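A, B, C and D are the chain letters, set down in written order, and residue numbers restart from 1 in every chain.
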Amino acid sequence: MELTYEPRIVGFLCNWCSYAGADLAGTSRTNYPANIRIIRVPCSGRVDPLFIVKAFQLGADGVLVAGCHPGDCHYSDGNYHTRRRVGLLRPFLDYLGLDKARLRLEWVSASEGKRFSEVVLSFTDTLIKMGPRSS
Amino acid sequence: MIEIIRNKAKEWLEKNEDGCVIGYERASDGMTARPVFIYEPHMMGKLIFDETCVHNLSKYLLNRRGTRTAVVVKPCDSRGINLLINEHQLDRDSIYIIGVVCPGMKESHFGRIEDHPLSKCRRCLHHTPAVYDVLVGEPQPETASHDYSDVARIEGMSLQERNAFWKEQFGRCIRCYGCRQICIGCYCQECFVDELDPLWVGIRSCPEDNWIWNIGRAFHLSARCISCGECERVCPVGIPLMLANRKLEKESADLFDFEPGMDAATAPPFATFIKEETLEKVE
Amino acid sequence: MARVGVFICHCGTNISGAMDITRVVEAARKMPMVVTASDNKYTCSEPGQASVRQAIADNKLNRVVIAACSPRMHEPTFRKAVAAAGLNPYLLEIANIREQCSWVHAHDRKKATDKAIELVKIAVAKVIRHEPLYPREVPVTKRALVIGGGITGIQAALDIANAGHEVVLLEQEPTIGGRMAQLDKTFPTLDCSACILTPKMVDVANHPNIRLITYAEIKEVRGFVGNFKVEIMQKARKVDHTKCTGCGTCWQKCPEKSPSEFDLGLGNRPSIYIPFAQAVPAKPVIDTDHCRYIKYLQWVADGEQGKKPPECRICEKICPTGSIAWDQEPQTITEEFGAVVVATGFQVYDHRHYEEYGGGAYPDVISGMQLERLMNASGPTGGEIIRPSDGAHPKTVAFVCCVGSRDQAKGRTYCSKVCCMYTAKHAIMLKEHDPHVQCYIFYIDVRAGGKDFEEFYLRALDDAGAIYIKGRPSKIYQDGKKMIVLVEHALMGRPIEVAADLVVLATGMEPRTGADRLAQKLNISYNTYHFLVEAHPKLRPVETQTDGIFVAGACVGPRDIPESVAQGSAAAAKVVGLFSRDALVTDPVTSVVNRDRCIGCLLCIAVCPYKAIDCETTRDKRVVAVVNESLCKGCGLCVGACRPKAVDLRGFTSQQILEEVNSLWS
Amino acid sequence: MIETDRYAYYPGCCAKASAKEYDATTRLVCQALGIELVELENWVCCGASSAHSVDKLLGITLPAQELQSAARLNLDLVASCSLCFSRLKIAAHELKNENIRNQVSEILNEKIPANPRNGVKHLLQVLESHMDKIPLKKPLKDLKVACYYGCLLGRPKEIAEFEDEENPQVMDKIISRLGGEPVEWGFKAECCGGSHIFTRQDIVLKLSHRLLYQAKQAGADCLAVVCPVCHSNLDAMQKSIDAEYKDKVDLPALYITQLIGLAAGLPVKKLMFDKLFVDPIPLLRRKGLV
């Protein structure tokens, strides 16, 4: 394992809260690790669980799904469905030998730029501590 | 018992000339069973029912959508019918369900019938069909609680062990898709695995692609698998597919308090939600 | 064959300062199907856009990637630019290398550059899979619904109606007028509230374009901008207003009195009533909780348990037009609208939450609104200011500001804005009513921001001689006939006690109970206090996240009368603007069903928040889902749920998202 | 699982001096209600009034010891004095802060758990939970009682976790249970002057007088009190109050435990009414309770 291990994180961010939150982190110039690659989706409910599995198959070290806080979904219900889908996928992947800590579901509102950077920071840290995925 | 099945089927077919009775007959090896489709009442004598009748016949109902069909089902198979009705695939009125109280099926290997029951039957909870028009046999009490010792064994392993275990299992997959063809839940026009653009799963049989295929298959059956165990039975390389399915069954019971196919009305977990629920397991 | 052009923006030094742009450009050139890549100081500037247009023409580009600021910032701008060059505006993808790269990774130039390259890569991968999208046009129903018949709603309704459009004005109480109708005088001009309000109420009643629906509530709202379908629940008045002439015999004769909501319990009203003399409509409703005959009917229905209520029915006997309709039930009215204005206003904070001030136990500790009723000539005391307890004329009156405002302990952190001024008004009015009155006003800060407000405050101070004491009272208790107010005089820095005959709590504003439920029905958001949330607090103050639904007045936050009126007009202007178009273009980013793949499990219908999906039977007798693109808001919930991948989302297709993921490892 | 009829008991210094009767009747009543009180071994001052006003850390460390010995017994700690209660609560609260926890642990040189399983209760809360066990031998018929909780019991709300700090109800419930009439009054939770008695008597006289006066205004025959310090201000100081304000208050102030004991028919002698400065006996005799 190389000395500086840089985990690769794929982030599916809902356009209305989390993506805006990530933008706010930018406008307020809060630095966070450059390990995340953000894919913009209209709603966290757009995320097909297979996207997540696919990302892991390709070699992602971590996948972040972020949406509006429960009750705040721009589409009123989206994140509740996401919660159920990811909620079931997570223990299943763990069961199949993929540490559930590698799949994160977070609620980040458009006003939580700081929180977004903290999420990315802590997630990156966790992944670094865990080291590369055993293959 | 078999007489009741034959008579009921006969009665029904006489009333519905255009109908078809799907049941079991003795296979050519003279000991195992195989599905039979009967169109004339006088052929009813062919029907048999014993612990070799492993097949889940309700799958065939999908090919007979819109026609009148009678089917012989075991409890697990009957849940499949509920599933299909819930998913708007079947019209309850066009089906005549001959539900049989299940004694538990036996494994059969190369013309030899093992004397111990199938693993799925050892762990079976429901011995009386969940839905039927006529019930054959005395209703049996449910087994009190799930036996997830098999799942627990895997859960007990370390992450690395689990990873290795499943890599080995899925690694053997030859992508014959028998599990899919036999599965009552797999009735898509075109399976995501067959789609080329977008390419969800690479077409070659390599560890990575086998991995995503098997996960995709199992997850599409989450909170839908009625544990008839057919996928595992037909798998030519003996991948313990039910071991994966049952984990999802267990989780969806814990998280959503839902057991598939017990009735045709209850909305499945992914069709609904509870605002207040936290799914702590999401952590 | 896709021909992609990549344009990387320096954004001055905002982007170029944090990364090696040339490296990004180089990398971009090597990406699949990229025919040209270039950078620009300010791509959003006119010259920048021009260069994009030029490049499209020169290189026959049919796909464009712009690596710049967040798409939430300039996507519309660049879509226009692309369209100007003759491309479909949806063949554009933005790589967010400012907010999500240069601004957050400024500390590491190399990583920032690498990430920027990958972000461009993602965008290229996606844009290749873009299809031209075409907005659809939907007709506009030029008919507005205004919810709330207070001054804000009245203003909005009149403005829209005067612009020549039909308006339905909905009010949940038996009359319009709202809180303003309860006020005596208004600050800072001291003109009589009723005198300026009631004429407007009458205008509403007489306006040919306005239909007034009082004593009714919103049941359900469906549809979308230009095409809302609203179910209105008309509560049972038990009076047939088509027959009733409002002669008033019934409410004069009705024997069953109960506390009047309008007078905040300071006076009584009959059980068949109009809330106040100038009510519009001036026709009564029956209070089914108190009416004797209704009670009797209930008693019969409950199997004649307990004491038998009198079979009164006096109103019925004396009504000259036979308008009493005991059998009248709530009924649902369904109407179609193009736009909705929400102006549900506020209610006065309930001071019973203040145990330290007696929690409503002391009759002589009243709210500012109650004082309004006491001062009002048409109020329960005919304008005579007396103590509720013993009817004596108060000589010393203590006012406590910020009750239910600016008080963390009571979970109310916001300033209600109007209390300082109405308290000053009360001090002035009391002095006018009785020169011997001495007012003490306990305040935290006097907030007099507004035209003539400071002067008004000085008037209370100098002319009315009110004594302002800085400090929030810690306790109010009764001592014989006096109310004792304990407070730390913040300027003297020691506790003092003031014995008053009457204490007036300047209670703050809070949204009407149920504002949150209404917001949910309308699919608009609200804050922790249930004040409705505007689309942008500064730039879009009367719009909401949901197109075609506008908010105005005190339901959005504390407002005084001029502001509420202004907002009412503002919302009206927005509605009229909307109605000036015959058709609206809708966002083409919607779900679409592939009928061949669809297996009709209809999970999509179950998850759709907008009831935008329905099912139909194909020629080959298969049941498949169909999307109503006017209702679809493009969330993609159905797509995430669809096992056979039969539903897809335009602009965010599975194909595109998978390509985006793939691109990170290709 | 923390027991609910066995408690670690912290009497507090007054119990051994000015408030013997409170301590005695507390033990007596608890016994009658089947509540076992285990007195803490070699307990020390809770630090009220002096310690915390001169040295924050000391103000936490003193009560922290009591908390520890209660934790060792694995019992909820009950204090009958509102000042002690307040100090214990505040200490428990402060000890949630890791930094402070470490400092105190070091001083006591024993590890203080981050989140102890046992909690701190005021006697009132214990009595309330066992209210229905009170044997009602002698209902306090038409005895009008002004329940006085004092200002510390419920404040600060977040730390005391007691009840509505402005208008608490526990004691009123208990009085009604005893067959007495709790009077509605606005000074249940106002300050009596507390330990200012040692430094600024004038304040105590003023505040306590207002309390007593208000109680009488509300038509009370007597006060029910749950704190030795409040009690000495309201009972022992009445003479000085009368002198200062040319008033004749004469309002007996009894400990809630004495009233419960009375209603429960415990031997009057054991309730130590004779320890009170304002003799309640005439009143109780008038009401036919003794």
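Assume a contact is a pair of C-beta atoms (placed from the backbone, for glycine too) under 8 Å apart; a residue touches a chain by one contact, two chains touch by 3 or more.
Here the structure is a predicted model, which is why all the values come from computation and not from measurement.
Looking at contacts between chains, the pair that accounts for the most C-beta pairs is A-C. Separating the CA-averaged centres of chain A and chain B is a span of 35 Å. Chain centres here are Cα averages; for chain C and chain D they lie 50 Å apart.
Our note on geometry: chain B versus chain C, Cα centroid distance of 52 Å, whole angstroms. Looking at chain A, residues 49, 54, 77, 81, 85 sit in touch with two or more other chains.
Residue numbers of chain C whose C-beta contacts span two or more other chains: 607, 641, 654, 658.
Per the contact rule defined earlier, chains pair up in contact as A-B, A-C, B-C, C-D.
Touching chain C in their complex are the following residues of chain B: 66, 87-89, 187-192, 195, 197-200, 220, 267-268, 270-272. Residue ranges on chain C touching chain D, taken from their complex, read 354-356, 358-359, 361, 409, 475-480.
Chain D contributes residues 157, 164, 166-167, 184, 186-187, 190, 214, 217 to its touches with chain C in the complex. Interface of chain C with chain B (complex): residues 596-603, 606-607, 621, 623, 641, 643-646, 653-655, 658-659. Residues 49-50, 53-54, 57, 70-71, 77, 80-81, 83-100, 105, 134 of chain A are the ones that touch chain B when the two sit in their complex.
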